[in-house]
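In the two assemblies presented below, subunit A is common to both, partnered first by subunit B and then by subunit C.
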Partner chain A sequence: MMSTVSAEKAWDELTLSEAEYRRAGARYRQRRSLRAYLFLLPYFIPFIAFLLVPALWSIWLSFNRGGILDPAKYVGLENWRSIASDTELTGAIQNTAVYAVEAILLVFTLAIVLALLLNRYRKGSNIFKLALYVPLLAPAVLVGLIWQFLTNFDFGFINLALDAMGFDRLNILGSGRLALLTIVLAEVWRGLGFWTLYFLASLQNVPEELLDAARVDGARGVQRFRRVTIPLLRPMLLFAVVIAIIANFQVFDTVYVLTQGGPYESTSTMVWFIWKRLFQFQETGQGYAAAVVLLAIILALTAISFRVLGARRKRRA
Partner chain B sequence: MAVQAGGVAESDVLSQHAQEYASAARRHRAFGITKGLAAYATLSIFALIAIVPFLYLLSPSFRKSYELFSYPPKWIPSSLYTGNFGTILHQTSYPRWALNTLIFATSVTVITLIIDTLAGYAFARLRFPGRGVLFGLVLGTLMIPTAVLIAPLYIMISRLPGWTHSGINTYPGMILPMVCSPLGVFMMRQFISTLPEALVEAARLDGGSEWLIFRKIVLPLMKPAIVVLGIFTFMAQWVNFLWPLIITTTNDMKTLTVGVSSLQGQFVTNWGVISAAAVMTMAPVIVIFLMFQRWFVQASMAGALKQ
Partner chain C sequence: MADISIKHLVKRFGKVEAVSDVSLQIADGEFLVLLGPSGCGKSTILRVVAGLEDADAGEIVIGGRLINFIDPVRRNVAMVFQNYALYPHMSVYKNIAFPLQIAKQSKEEVGLAVGRAAAMLGLENLLQRLPGELSGGQRQRVALARAIVRAPQAFLMDEPLSNLDAQLRIQTRLELIQLHQRLGITTIYVTHDQIEAMTMGDRIAVLSEGVLQQIGTPQEVYRRPANVFVATFLGAPPMNLIGGELEWVEFGWRFRGDNIDVPLSADVTSPPEDGNPADMRQVKLGLRPEHLRIGPPGETGGIAGQVQFLEPVGSDLFLTVEAAGTLLQVRTDPDSPLQPGENVSLLFDPWRAQVFGPDGQNLRRDTAPVESAAALAPAAAS
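This part shows the complex of A and B:
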């Protein structure tokens, strides 16, 4: 009897009371979180300083002017009023939209076709993958240069070919519609390898058993693609669309090298407009406001993509 | 007799079936071969479209500029003229631009690898309050276009109140704002999540500190992810144009992308010199690419595979 009591006492001394236990646990968790924050700190310092703060600052700047050469000055809604009636900005938004739709549709169509071919015909596919990848290594400046060569009036391949076939030569970069189309083609040429490899990787993630099951059930090639592959690829497609929208709405480098926004602003894109207002015209206020417009457009388009492409997946789950 | 006749008739029917089957199979095979040929032809055409324009730069770089305008066009130069390369090396700051690019892209890559690996590990394996919120924040910033950031970043680097020096035309000013790409953290977290958790748990039970576990167990397993993210980051900075364009104003601080594009103003229609610069810029990258092709291809597939 006595011994059990003393044993219980000893046990009590050894174990922690509930409060003590809770305190020790809290201390442990605190130290554990602290350590996690230490792992995060090196990333979050530049993340806050160079991404989060500038992003919020850009919204504040849209109510300011100056800033590049002299300190920024608050001007209220003046920038917004001035860009609301700016036909050059609406033109730039329109050019960017036309460019982005054409470029994304073209590059996705070609990339999906090529990815399907590479997925089906694997013998020797490595050499094609490498060849398609090469344009990705070139900075846009070189891409622009190559396309200037291709479209040059006197010695460009396209004009020499037109000439040889008995057509008139075209001043390609000198006419608005063709100049924008050249930018589309240059960017599609550069991006095709990336998207082909992206869709190829996605296709190879589709479990072979599901396709076999569909084959046994009598589904033909097109049906298998539509009913099995595409639904399974929906999240990949969503990611691709979002990334492509974000990237293509920021087209700038090829514009800078190929056309400088011309002729007559017909290839002026949003980032070209922003850059010119900020660093060429010293119309910084308009540049700040246009940057916020670009942010809003990208956020809206991303949200729409999620709704359209993400919805069906949710319903099924 | 009748039985035999029946047998003959039956085997006739059978052989007729067999013939039909064989010809159907032949047709099917022929169709398959045609399809295969069409597929390989399509792939070859696009492979050529990807490659040939680069070769198209090669020819003018070895010719005097006026030769470009000869008619009919001569694609193979009659004699190799190397003066364009001399012009680039001696009359422009090309070597300096190459050095700047190397410093810029390498520094961004090294810093990115260190901080993204650490953050990726924390997001994948450590438990702390606010984990979901912070990770969501990082992912959300993927949507912020660079063009939105350039003005505030420029102001910050050039004239932060209290700074005695402007960061314009300095390496830190160029490098630091480029190190916080959200995609890297995302890639690292996804990769570490695929590593067996038991390894980390075992080390934790053995009393290893988080830092020790990270360095001795997680880091060695991450080599492939680090190579892939390294190539990815380096290539992104190698082609980066907008940021170096605005943050450098002196000729000596330009990167290759900005420098080569400025040649177009300097050598207005001297296409020979300009294409020589392009050839010099692309050649080393293509060599490196061919040496490490497997990793390059993986780097661009990483986004898709890690979904």
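This part shows the complex of A and C:
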């Protein structure tokens, strides 16, 4: 290009060959990711020991008879065949799905509304936050007992109230639909505080200037919420949905305390089914098979959530 | 303190090539301005030098040390971010003090340095505020203070004055020039403000769409633009361009076009070896508005034209003159009695004219400053 630089080496000549450059770049990026893996290590060890290995172990045991107290005996697909034709399991899956959809929709709706109110009216909001959060501190069994007292036929608060107003008493936990609804309400009541605070924190992360900009652009309250707040909350919403699906598909303790899966299996959920097979009927193989089904359902729903709510493409700011 | 070499830098974002084979050599203590329109890759170059983005190809050498594969934390450069990047949870004082506290300087030293930086940028009364409580220009000054509070190997400044009002901008510009003279720290300064580029830079590198167009002193870049892009990007109003052909007539060049036939000096490009080469048929004559003079109509060697509009801007009067089949901008005396519709002829000193070939490159041989190979526009090379 220029004659003046030909005498000595041009200053802009590269010092590394292409291969060296690639290697150095790879090493540089490796060092960076190595650091990340080191930080992840303390998490991965218990993850492998207490989650991955048991999960794989369960899959193996679903093809066996026994395995907890007595030695496992390989039986092929026998467990799978028997749970496939078990109407209690299909019923449990259905109950779990109905329960989870109702509980998640209800608790998220209430939590978001409460969070919006708390975000808007700050004065005295701490008392409300505390009140909302307290149920979460109570053990699930206690929550179950509270709701048992509330719904008791003879002296439950709800029936006393119905009586006083001149209505017939309801056998709440004795009728399938109402019993499942009671479980929904108990769990919603328990989770509401957590989700309210969660969504409140998310809302407070939405930059005020974006809402200002939307205001000036003429977006009214609901429009602002739908077109600015919700999209910005997407990652938080994704996390919430995934966590809620995982938690609610494993609903167990309220069922155990309130209904024991009754009446007539109408509140039998998947974990209740699994628990019964494992600890009541000594049908461990069937229990493990059902647990694998539950795992598959949860994984599928999580994948769908990521698909629907996940970020389209990560962009750096 | 150190020199910086950027060698054949390429940076892509997906399919977009933000920086294409840019090479820049910045001497120790030099103040280099990166100038170019929005989206031409200025910030990207700074971010690669700072280590915030990985280069796809090419090397960055600071003080003789290849730093491509060195963590940004250890590059010892200070950067003023285009969007300020102030820590929202820290007061102005803490923001400015941050780099010093990280470097574990004593409290007294930090206080002194912060005080000096704050005084220089007129921030003394804002030290206890949070960034959220400042105006855009104030935030920008805090960002600048945070960078200049220490003495790094190099300063990387991304449009640090863009949000200041005219007065404050001139004042801060002077402060920065003085600071640079005092400390002599190598600086890469990004701007799209020509005045800043012309007044501050030891040299200016002009970029367009990720490609280096020209590098040289402000005078070189202004007087001898390497191509049509640089010619029209620098100058307000920009250089006038007139289409036509170049012809060698009796030991000199003539430019002929629509209603224009003027002699040029012999050095606008090298004389033809035999006959008139075909690529002289479609050239552009470039004339700066301030190099055109108004004469009475019919003057020999002038371009006949008619005044269309007047734009008085106080210190100057800009005329739009219809001539040579196009509209030309002419800078003239604000007290000129000219009126729209008047016929005039436009005169110029032949040696001031530039001629650009069909590929847009300046035909003059000495366009590129000799000391720098990077001066050649990579568009023409390879």
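Side notes on the structure shown:
We adopt the following convention: the second predicted complex is superposed on the first by the 263 of 317 C-alpha atoms of A that agree within 3 Å, B and C clash if a C-alpha of one lies under 4 Å from a C-alpha of the other, contacts with A are read in each partner's own complex, and residues count from 1 in each chain.
The rule is simple: a residue touches a chain if its C-beta (ideal position, glycine included) is under 8 Å from a C-beta of that chain, and two chains touch if they have at least 3 such contacts.
Keep in mind that what you see is a predicted model, and the values were worked out from it rather than measured.
Counted by residues of subunit A touched, the larger count belongs to B, out of subunit B and subunit C.
In the superposition on chain A, contact is made by A:D154 with subunit B only, not with subunit C. After overlaying the two complexes on the shared chain, residue contacts for A:A24 are found with subunit C alone; subunit B is out of touch. When both complexes are overlaid on chain A, the residue A:S58 reaches subunit B alone and has no touch with subunit C. By the touch criterion defined above, A:L16 lies against subunit C but remains apart from subunit B after alignment on the C-alpha atoms of chain A.
In the superposition on chain A, A:A219 makes contact with neither subunit B nor subunit C. When both complexes are overlaid on chain A, the residue A:A140 reaches subunit B alone and has no touch with subunit C. Comparing which residues of subunit A touch subunit B with which touch subunit C, the overlap is empty.
If you check the complex, the residues on subunit A that touch subunit B are 32-33, 35-37, 39-40, 42-44, 46-47, 49-55, 57-58, 61, 67-68, 71-72, 110, 113-114, 117-118, 120-121, 124-125, 127-142, 144-147, 149-150, 152, 154-155, 157, 160, 189, 192-194, 197-202, 205, 235-236, 239, 242-243, 246, 249-250, 252-253, 256-257, 270-271, 274-275, 278-279, 284, 287-288, 291-292, 294-295, 298-299, 302. Residues of subunit A that touch subunit C in their complex: 1-2, 4-5, 10-16, 21, 24-25, 27-29. Against subunit A, the residues of subunit B that register as touching in their complex are 36, 39-40, 42-44, 46-51, 53-54, 56-57, 60, 68-69, 73, 114-116, 118-119, 121-123, 126-129, 131, 134, 137-138, 141-156, 158-159, 176-180, 182, 185, 210-211, 214, 235, 238-239, 241-242, 245-246, 256-258, 260-261, 264, 271, 274-275, 278, 281-282, 285-286, 289-290, 293, 296-297, 300-301, 303-305, 307.
Against subunit A, the residues of subunit C that register as touching in their complex are 5, 7-8, 23, 25, 54, 57-59, 61, 66, 68-69, 368, 370-371, 373-374, 376, 381.
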